[in-house]
Amino acid sequence: ACGKSQSETKTPGTLTIGLEGTYAPYAYRKDGKLTGFEVELAKDTAKKMGMKPKFVTTGWDSLIAGLNSNSYDVIFNNMAENSKRKKQFRFSKPYVYSKSVIITKKDSKIKNYKDLKGQEVAAGTGTDNWNNAKKMGSTPVSSPDFQTSMNMINQGRVSAAVNSREAFEYWKKSHKDTDLTYKTIPNNVIKPDAIAPMMNKNSSALNKKMNKALDEERRDGTIKRLSIKYFGTDITNK
Amino acid sequence: MLKIKDIKKSFGKKEVLKGISTIFPEKKTTVIVGPSGSGKTTLLRSLDLLVKPDFGIIEFDDLKINFSEPFTNKTANALRDKTSMVFQNWNLFPNLTILQNITEAPIYVQKVNKTTANKQAHELLTEVGLDEYADAYPSELSGGQQQRISICRALAVKPEYILLDEPTSALDPEMETQVLEMLERLSDQGQSMIMVTHNMQFAKNAADKILFIENGKADFDGTKDEFFSTSSPRVKEFLHGISLN
Amino acid sequence: MLKIKDIKKSFGKKEVLKGISTIFPEKKTTVIVGPSGSGKTTLLRSLDLLVKPDFGIIEFDDLKINFSEPFTNKTANALRDKTSMVFQNWNLFPNLTILQNITEAPIYVQKVNKTTANKQAHELLTEVGLDEYADAYPSELSGGQQQRISICRALAVKPEYILLDEPTSALDPEMETQVLEMLERLSDQGQSMIMVTHNMQFAKNAADKILFIENGKADFDGTKDEFFSTSSPRVKEFLHGISLN
Amino acid sequence: MWEIIISSLPSLIEAMLKYTIPLALISFAFGMIIAIGVALIKFLNPKINGLLSIFWKLLRLVANFYVWIFRSTPLLVQLFIIFFGLPSIGIKLPPFTAAVIGFSLNTGAYGSETIRSALMSVSKDQWDAAYTLGFSTPQTLWRIIMPQAFRIVLPPLSNEFIGLVKDTSLASTITIAEMFQVSQQIAAQNFQPLLMYVEVAALYAFLCTILSVLQHYLENRSSKFIKGDGN
Amino acid sequence: MWEIIISSLPSLIEAMLKYTIPLALISFAFGMIIAIGVALIKFLNPKINGLLSIFWKLLRLVANFYVWIFRSTPLLVQLFIIFFGLPSIGIKLPPFTAAVIGFSLNTGAYGSETIRSALMSVSKDQWDAAYTLGFSTPQTLWRIIMPQAFRIVLPPLSNEFIGLVKDTSLASTITIAEMFQVSQQIAAQNFQPLLMYVEVAALYAFLCTILSVLQHYLENRSSKFIKGDGN
């Protein structure tokens, strides 16, 4: 954290973007190439900022450590704003609002979030889903990826999973005959998460430029287009 | 009485024993001599079934194994019980104390009760003057001492025949003397022994019978006196070859 | 001429050499004898600085090391160059061929050029009748052959003195004969030798001088004839002890 | 900084006592049973014929395959397949059981090679000496060969155990909240992953060091019969 | 199923060739240099005095500490600290460099113990034989002891190399898209994590098996001088 100028990026003229790349439809690998909603969005944002995009993929566990050590300039990884994170990091303007839902079997006894109390729920270690599951009184059980969470429900290892509705909808497209469904969580229990690029506190100049680019993308419909392309609906607003 | 008939053994394509027949008299000492590689060790090990001959017969009183026919494990074990081997490098069990080395087989194989086994072991140790080492480990003893212990170990299972394969060749001369003296004593006491050795002095002192093996065949088989006075040119040559010693 | 004066050496609290002085005559064979543990090996190894004495002087012509004073590595190496050891277990280098075993030191220590070194090695090998094994590895040779090679290896560095520590005690009698014959030949050719041995026959045949060590002291130091006819009771007892051999 | 470290310590130690240590101990115990079995299958050459000998050959084939597969694939994948994969063929294991099975099989594969080579390194002469006294093969193995092999096998097996302790961190992938996962959970809260990693590393180092000390103690005890030079 | 496997193969193989193999090879090379150095520091007992001997003692202390710390903490944590932790003291390394440093240091720590014990297992007599011929200590080491130690050290070091190949999967935590991470990314799209894991396991097994074959070849070559019984 001893850069020369605050707006300086890791490599001048390049926007280095950190993400996991293991979370469809946000970011994943297809035909050998990294793609997904956040990948395309980050590319476009970089272009609008007049920079070259460069992606760095890393595990969830080290995503934040990588930001601390300036391994990349910004994280586009379905990173939800929350007060704790805001204290340590700087968020740009949100690009989507992600709705957490409770994924269960169709015949599950869990009808709404209240039934979650005391249940075991699959979620990634230390993710928002993890925190949300806790908030609703359930015991989170760590799961390495989305598909595994689904398997865990199917195998009866957990009674539910907390995850983003979009991820589930996307997954359902390739699992049409699934036995799984989701239940929404009222907004007053878990607010829709504002998903935004996250960067270091001292990157205020970079943030300014990024916000400008994000505003532009909102105006010219890029975000909306990508949202529909990857999520099937427009989730760019609250 | 231990007898063998036409024992043959090959390792791979190499025929090491080419049909050896002889008798090992009871309460007597038979010495096997011959040049290096002639098959002495192989023959001796055959008697204890550490090597399984391809052909031939081993007979002990009414026990009999014919190697060209199948035989039961029980027969094999019964035969093996009659003999016990003393090795060139003594091969004590390094993980056991001297006492345990001697009592292990009586206790766990012959099911002698522990007190009796210990008592007998101490007697053997006292006889060879090493009772003070009962609780030591083999590595704490000299080679000569270890070899004497290994003879005690072999005696402890009360075999009819003690087989010895160059028991002193890995010892220095003073140690060798100790061990040879012990063996001569045993021989005098009427213990049946079969011993491979290059030590002609010992053969002269203690042997009753000598078997000279050359190239897998018994070239001479007779008493000690016959052996040292034989006119066989090969035996003469052999005796000359090791005379420097 | 190699001389030692008042050589002392302790291992821990045990004084193994208690002040030994003698002269090792040039072009002669000195045989060191004595009971086991008397310090023979330690004395021999001192001459080659494999053991560093605590006290005393080693002199070779005008080279001189006084162990109670500091001395340079250069002096030590110069002295070490004068001698070369042949070990009881030959200790050939298993990773090198026979030829390489012999040429390694001439080439890499004495910087002899490779062709010359090879030529000389082949000459040595031919002399001991083992030239056909030049490209074999030590493990492919018998003990007696390996010991002969190890003598060639020691000779290859052209030392003034060859030191031998019971060079035949790990060999069986026929192998022993081969090696002893080779050593007698060397002795006849006037190679200076110092040899620890229990083989009295060899001492009788080849020794010029005999040093009898007992308990870290030189109890006898004189010619072979004096030795075998001495009236010293201890020497007589010793000679008797190994007579069985 | 110290505050963070101290406040996180109880949860980490709880996870260590509840999962890390039991997982390592239980898996190692089972792993050794497997390792000895497999080592013996590969080491022994029983004099049997007919159907029995075909059976033995088959057993050896299976043993070879098992060792090969477990040594040449990542442990993480092994755990994953046991936990998430086996249910698809109807075998559903609780996480702890799955972890124990995975770690045991992995340790067993590595350990069997270590044990086999230790058995081979005991001189053939010891077998001869025992046979000539009338010992049976199992008796010789148990009373003579194994005690000697034990001394040889102790250092490498201890290293394997220390490795296992560290590898238990992989149990987090199959939903077990062992020490390492707990440190990640805490890091996700306080955004100090580095600090948490250092802390958990210190705990692992602590555990491993205790084990090393134990190892030395055992080595000294087990080599009591090698007093002189050995020979 | 086969379609998924085949379509994902090119990316996996690319990751293997680009990261997994180079990482393993380079790290092992450096690791061996470190291992030999550290092994010699712990093995040799040079006859020096005064300041030099204090320096040597210090060096040995450092070596011991290094081996201890790297053997008793998880590799993952080591990588993490090197990549994410060192920048806080001003040392910022590119991911590949950091990975190479981490893997090399780890391999070096384990390898040094293996090499040291191999050096110790060469008989003291070989030193005597060399000294009596006038070889210096470095010459003896290089021409006589090391070639013999090599034969002993080959199997355990090969195992360590195979282990390293599998451990490169941890490089994903420090932003390197090696084979294992790529498989996870593909799994995110096709929702077949199990299948992808099996596929990547097969690739590791393939690599490791090739290495084992190589190991046997090397072992046979290097033991050519042990033809008879050895003695």
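Each chain gets a letter, A, B, C, D and E, in the order it is written, and its residues are counted from 1.
To be clear about the criterion, a contact is a pair of C-beta atoms (placed from the backbone, for glycine too) under 8 Å apart; a residue touches a chain by one contact, two chains touch by 3 or more.
Everything numeric in this text was worked out from a predicted model, so none of it was measured.
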Once you count every C-beta pair in contact for both, which comes out on top, C-E or A-D? C-E
Taking each chain's centre as the mean of its CA atoms, chain A sits from chain C at a distance in Å of 81
State, to the nearest whole Å, the distance from the C-alpha centre of chain B to the C-alpha centre of chain E. 51
Once you find the CA centre of chain B and the CA centre of chain C, what distance in Å lies between them? 35
Which chain E residues sit where two or more other chains touch them? 80, 84-85, 88, 193-194
Residues of chain B engaged with two or more neighbouring chains: none
Do you know which chain A residues sit against two or more other chains? 61-62, 65, 68, 144, 148, 151
Got a list of which chains touch which? A-D, A-E, B-C, B-D, C-E, D-E
Seen from chain C, its contact residues with chain E in the complex are 45, 48-50, 77, 80-81, 83-85, 87, 89, 91-97, 104-105, 108-110, 137-140, 143, 153-154, 157, 163
Chain A-touching residues of chain D, taken from the complex the two chains share: 84, 87, 92, 95, 172-173, 175, 177, 181, 184-185, 187-189, 191, 193-194
In the complex of these two chains, what residues of chain C are touching chain B? 35-36, 142, 166, 169-170, 172-177, 180, 198-199, 201-202, 241-242, 244-245
Show which residues of chain D lie in contact with chain E when the two form their complex. 68-69, 71-78, 80-81, 84-85, 88, 162, 166, 169, 180, 193-194, 197-198, 200-202, 204-205, 208-209, 212
Within the complex, which stretch of chain A touches chain D? 61-62, 64-65, 68, 84-85, 88-89, 122, 125-127, 130, 141-144, 148, 151-152, 155-157
